[in-house]
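The structure's right below; bear with me while I get my questions together.
All chains are identified by letter, namely A, B, C, D, E, F, G and H, in their written order; residue positions are counted from 1 within each chain.
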Amino acid sequence: MTSFEIAGRALESRLILGTGGFRNLQVMAEAARESGAELATVAMRRVDATARGSLVEVLKEAGLEVLPNTAGCFTAREAVTTARLAREALATDWVKLEVIGDDRTLLPDPAELLVAAEGLVADGFTVLPYTNDDPILARRLEDLGCAAVMPLGSPIGSGMGINNAYNLRLIVEQAGVPVILDAGVGTASDAALAMEEGCDAVLLASAISRAADPPAMARAMRKAIEAGHEAREAGRIPRRTYARASSPEEGMAELAPDAT
Amino acid sequence: MTSFEIAGRALESRLILGTGGFRNLQVMAEAARESGAELATVAMRRVDATARGSLVEVLKEAGLEVLPNTAGCFTAREAVTTARLAREALATDWVKLEVIGDDRTLLPDPAELLVAAEGLVADGFTVLPYTNDDPILARRLEDLGCAAVMPLGSPIGSGMGINNAYNLRLIVEQAGVPVILDAGVGTASDAALAMEEGCDAVLLASAISRAADPPAMARAMRKAIEAGHEAREAGRIPRRTYARASSPEEGMAELAPDAT
Amino acid sequence: MTSFEIAGRALESRLILGTGGFRNLQVMAEAARESGAELATVAMRRVDATARGSLVEVLKEAGLEVLPNTAGCFTAREAVTTARLAREALATDWVKLEVIGDDRTLLPDPAELLVAAEGLVADGFTVLPYTNDDPILARRLEDLGCAAVMPLGSPIGSGMGINNAYNLRLIVEQAGVPVILDAGVGTASDAALAMEEGCDAVLLASAISRAADPPAMARAMRKAIEAGHEAREAGRIPRRTYARASSPEEGMAELAPDAT
Amino acid sequence: MTSFEIAGRALESRLILGTGGFRNLQVMAEAARESGAELATVAMRRVDATARGSLVEVLKEAGLEVLPNTAGCFTAREAVTTARLAREALATDWVKLEVIGDDRTLLPDPAELLVAAEGLVADGFTVLPYTNDDPILARRLEDLGCAAVMPLGSPIGSGMGINNAYNLRLIVEQAGVPVILDAGVGTASDAALAMEEGCDAVLLASAISRAADPPAMARAMRKAIEAGHEAREAGRIPRRTYARASSPEEGMAELAPDAT
Amino acid sequence: MTVVTLNGEPREVGEAATIESAVRAIGAPDGRGVAVALDGEVIPRGEWATTALREGQQVEVLHAVQGGS
Amino acid sequence: MTVVTLNGEPREVGEAATIESAVRAIGAPDGRGVAVALDGEVIPRGEWATTALREGQQVEVLHAVQGGS
Amino acid sequence: MTVVTLNGEPREVGEAATIESAVRAIGAPDGRGVAVALDGEVIPRGEWATTALREGQQVEVLHAVQGGS
Amino acid sequence: MTVVTLNGEPREVGEAATIESAVRAIGAPDGRGVAVALDGEVIPRGEWATTALREGQQVEVLHAVQGGS
């Protein structure tokens, strides 16, 4: 599958893996391998003496680089500080920016998101913002210098799929940076649809990590994303109101003579 | 991908190829190879001295067996005779049964379909009927001894996808024979969805043959069908009304001291 | 609202009431009045010495005529006999024909339905068949001489609304007799949509009788059916992919001079 | 129909009329009467010596009060100044706030909208903001002191209806002020659905003004809005996966003795 | 004595029993709004009085009830 | 001379014409992958040589083509 | 002479021109239902008569029209 | 003794305590993959050893964990 670029960096895989929700690191590693992902998002939390997590190493062994996120932040200030801490801890200036506005829906806060994005871009970060499906907000984020836009299909972990394909189409139409569907995917056809609508990639966390069999779902998602992308490239047939015969009308035999 | 059986015959590929609509035999052969299909449907028409078609040979070289259909038949009698001619000409007692009720929608005629199915089963055929998405009709066809049921997603060549996923689910729930989605698929996510809903296979003609790049679409469809089937096996996450955080709430840092 | 005709009989109300599911006859009568319906379907059951039902009288007082149905019949023979018994008992040769194929979905059995319709038409009945949403079956029923066709939106009592608006449109397009949506309506917008799609009337039972407040729901449904019908007559605006300003672009003031 | 309140003012009609798009003032007046609306939005534009518009008078005669909007404004500053001019010209401190972010979709600009809303509330206006369907933005607007929130169903004049009913439900669930669906309605069932989802009112411009017969569509919309509201109050039946018989199973006759 | 199945229940009726008497017996004296099937065949009201019941016959006496969509 | 309808076209065939000769005439010499219906009835290949054509009969000679879903 | 921009058009007005005269000039004699912005700032009606126009100023005279959703 | 808030818990540290000692104390000896915020400001690793902790300061020591979409 043809690669795409974020901030000048080529990526072969159009599946970005979220690490939340996996039973354990081993299942995560197995799913990561099956997914073919090159990037995996991680959250920043307090060091806990008891639990020594070798998360980053495990991902590295599986061939994935970490993409720190600001999950759990409700203000621009928290998000900016979290991004800076991640840069210190993980030696990367890429950040998946999340600024949440609501505990129950985990939907992004548009105003705080814009403030955080502006601050982080000014501070030299490569910013990938998690946004709602508002085409205007997506353009503002791009105008501020974000390296990609990551609209949701539906709330994080809801598995509802893409609630508003129309808005997603508008975002894709106008975007000058990669569009990565983030959040809401429940199953393979959701991911394929996102790619058919023109997304450059899909970020998947719960859909894989909380599936009954995460590695198997990772494999399915990888194929679905490739299928959706290749189907878009292959040029689908148009939707038609009526049928179109795929069998020749000429050469039809007359098999009921007396019936005529 | 695990195989499935029709009338005791194991099939590795869950994609069945329709041969209608391809520009030429070479493009068809290339798409057939990319699709991984083992079966390809063919229609029966008058021998035309001018055009010597090596269709069957081309399919054989590509590793596909022919599955004759009764495309173009509007009565049970025409369909039964066409099936018998196909048996003579192609030395197979398998038939994809089509009895059309309407020129514009090419929707099946339920009454004629039942008569034809009964007659062909009695005559020793392995009958795969193209049916609408009526769960009752599907069960009647199974009760008559059909080897599979092939409900439509939407009219042939319309590319509308699956218009009534609810009926498709009912058909799958109750079926004791394989369910093969037939007609209506427009793009990869449609095929993936059919498999996620529990279909055993998908038959694709126009969606591949009339795509801008048929071999590329065949590849995409193959992946989509595998993805949908594997996603069903992997156990998707449930749909939820609200969000479910995929990041730990404990261990969140306090990064705005003065703000507290 | 303009009236419509079934078998030469003019009806002012486009709402037909099903009597099943009401708590008691008084609530039914109140809902019947609010609905404005002129026809109410009734089922035929064994006389029960204990319960003397004045159902027909109650409906008469509320100004409704009875339309007997064949609810509960699974074969053409049962349905035909039930219709004849209803003709004897209620002195009407109109019948709402139901032949069910499945206990769980209560979906119609297409083959038995055709046999019963043919028999009843031959016997001089005015036949209104409850059918699935298959356009071919609907045409066959019309061809047999049925006075209307009554496609479902979704299974009886399911409240899912119209699962396949495309099929409903096809039925309306081709029909030479009134199309009455039967079964599946859950709320007012479902009924309005049915009329917008071109149905001549809607039959409502559970949606009203099992609502928390049946008379209030009857009033809502009456308005919804009128609204949908009138909206179709009034000529809706087309769907557009982009916005269309409803404010004049000329005459816009320049209110940020320095900003220019 | 029970009334509702905006900023302490009771309104009997749940239909608010937009005045854009009418062929002429007479058609507008007729539609206004049929709609039963009490409020009509108007735009502020340059006085044009040639065309002396008696718009306000015509609306007054039809019994409607004007609700000035800020249609056409792309910045908070333009919108605030326009609102102040409207207050001067029309002696009302109510304003329907629109700050557009895009010419093609006319979608609102969330950041400018928040700035404008804050300024106008501080300046003593009763602010009714046109917003996208983002629940977070809707809450922010309410937190700033807006008297209602007016989420879109789909872009202005597109007639696509409600693209994301899920978001609309979230907005209704959380709102402490009236929710008025604004923009996107194409036909009666769209308006009924908005009310069923819990909106307090619907604003309609193009759907009425650009219909083939605006007064007839106004009547239909009035009924649809009442129907949707009353249906919500009446308590609809739940959606069920399978059918629920509305006819008694006991008392069924045995009409095919020999068949047993 | 003659035993018939009346609305699904075995019932003893007199030697001279007719459909009319059966209908009376089931509690629909006037028979208004009622119809009868004898062994699956509809018997017009006009023939109730003259249609005798024979051993083992199935009599169904029906009327309209709330039900059906 | 005998005139039959061969794949929809009137065609003169010799007195001794059989299905086999008709199939040859239509351009399917070996007849591989071909089937024949005579007046709507399928004629097994084994009977082609011995099945004579009579005036006015309808002969359909079919084979597989691209088509159908 | 003073030149101002009146509703987007350059317009010569007298030395003593005020907003009031400008509003009159534009054809809204009584000024009912009209509002005025001078260089982007709203001028209350009470100040129209006493607000002189200076060279190059932008005067916007608005009223309500059909429009907007 | 000095009391600071270390990852949300009050903690007594020595007079000469620095961020480096705090990080050690929390169980991240080498400090690889770890970052520190002091009263909400990020402290680069290079300054850990030289940044003393004062009474009542808030020290947050973070690292990457599974989480987030």
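We take it that a contact is a pair of C-beta atoms (placed from the backbone, for glycine too) under 8 Å apart; a residue touches a chain by one contact, two chains touch by 3 or more.
As the structure is a prediction and not an experimental result, all values here were calculated from the model.
Q: Just how many steps, at minimum, does a route from chain D to chain F need if it may pass only between touching chains?
A: Each step joins two touching chains, and the minimum needed here is 2.
Q: Of the chain pairs C-G and A-H, which one is connected by the greater count of C-beta contacts?
A: Looking at contacts between chains, A-H has the larger number.
Q: In whole angstrom, how far does the Cα centroid of chain A sit from the Cα centroid of chain G?
A: Those two chain centres are 54 Å apart.
Q: Using mean CA coordinates as chain centres, what's the gap between chain G and chain H in Å?
A: So the centre of chain G lies 65 Å away from the centre of chain H.
Q: Centre to centre, by mean C-alpha position, how many angstrom separate chain B and chain H?
A: So the centre of chain B lies 61 Å away from the centre of chain H.
Q: Mind pulling the chain F residues that touch 2 or more other chains?
A: Counting only residues that touch two or more other chains, chain F contributes 7-8, 37, 40, 60, 62, 65-69.
Q: So which bits of chain B are touching at least two other chains?
A: Where chain B meets two or more other chains at a single residue, that happens at 18, 20-21, 43-46, 48, 69, 71-72, 77, 81, 85, 105, 107, 156-157, 160, 205-206, 246-248, 251, 253, 255-256.
Q: Once bound in the complex, which stretches of chain B touch chain A?
A: 18, 20-21, 43-46, 48, 69, 71-72, 75, 77-78, 81-82, 85, 104-107, 155-160, 186-190, 192-193, 196, 205-207, 209-214, 216-217, 219-221, 223-224, 226-228, 230-231, 233-253, 255-256, 259
Q: Spell out the part of chain A that touches chain D in their complex, as residue ranges.
A: 101-102, 105, 107-111, 114, 132-137, 139-140, 154, 160, 163-164, 166-167, 170
Q: Which residues, counting only chain G, touch chain C once they are in their complex?
A: Listed in rising order, the residues are 7-8, 37, 39-40, 58, 60, 62, 65-69.
Q: Touching chain E in the complex: which residues of chain D?
A: Chain D residues touching chain E: 246-248, 251, 253-258.
Q: Inside the complex, what are the residues of chain D that reach chain G?
A: Contact set of chain D toward chain G: 18-22, 25, 28, 41-49, 52-53, 55-56, 66, 68-72, 77, 81, 84-90, 96, 98, 130, 156-157, 182-183, 203-206.
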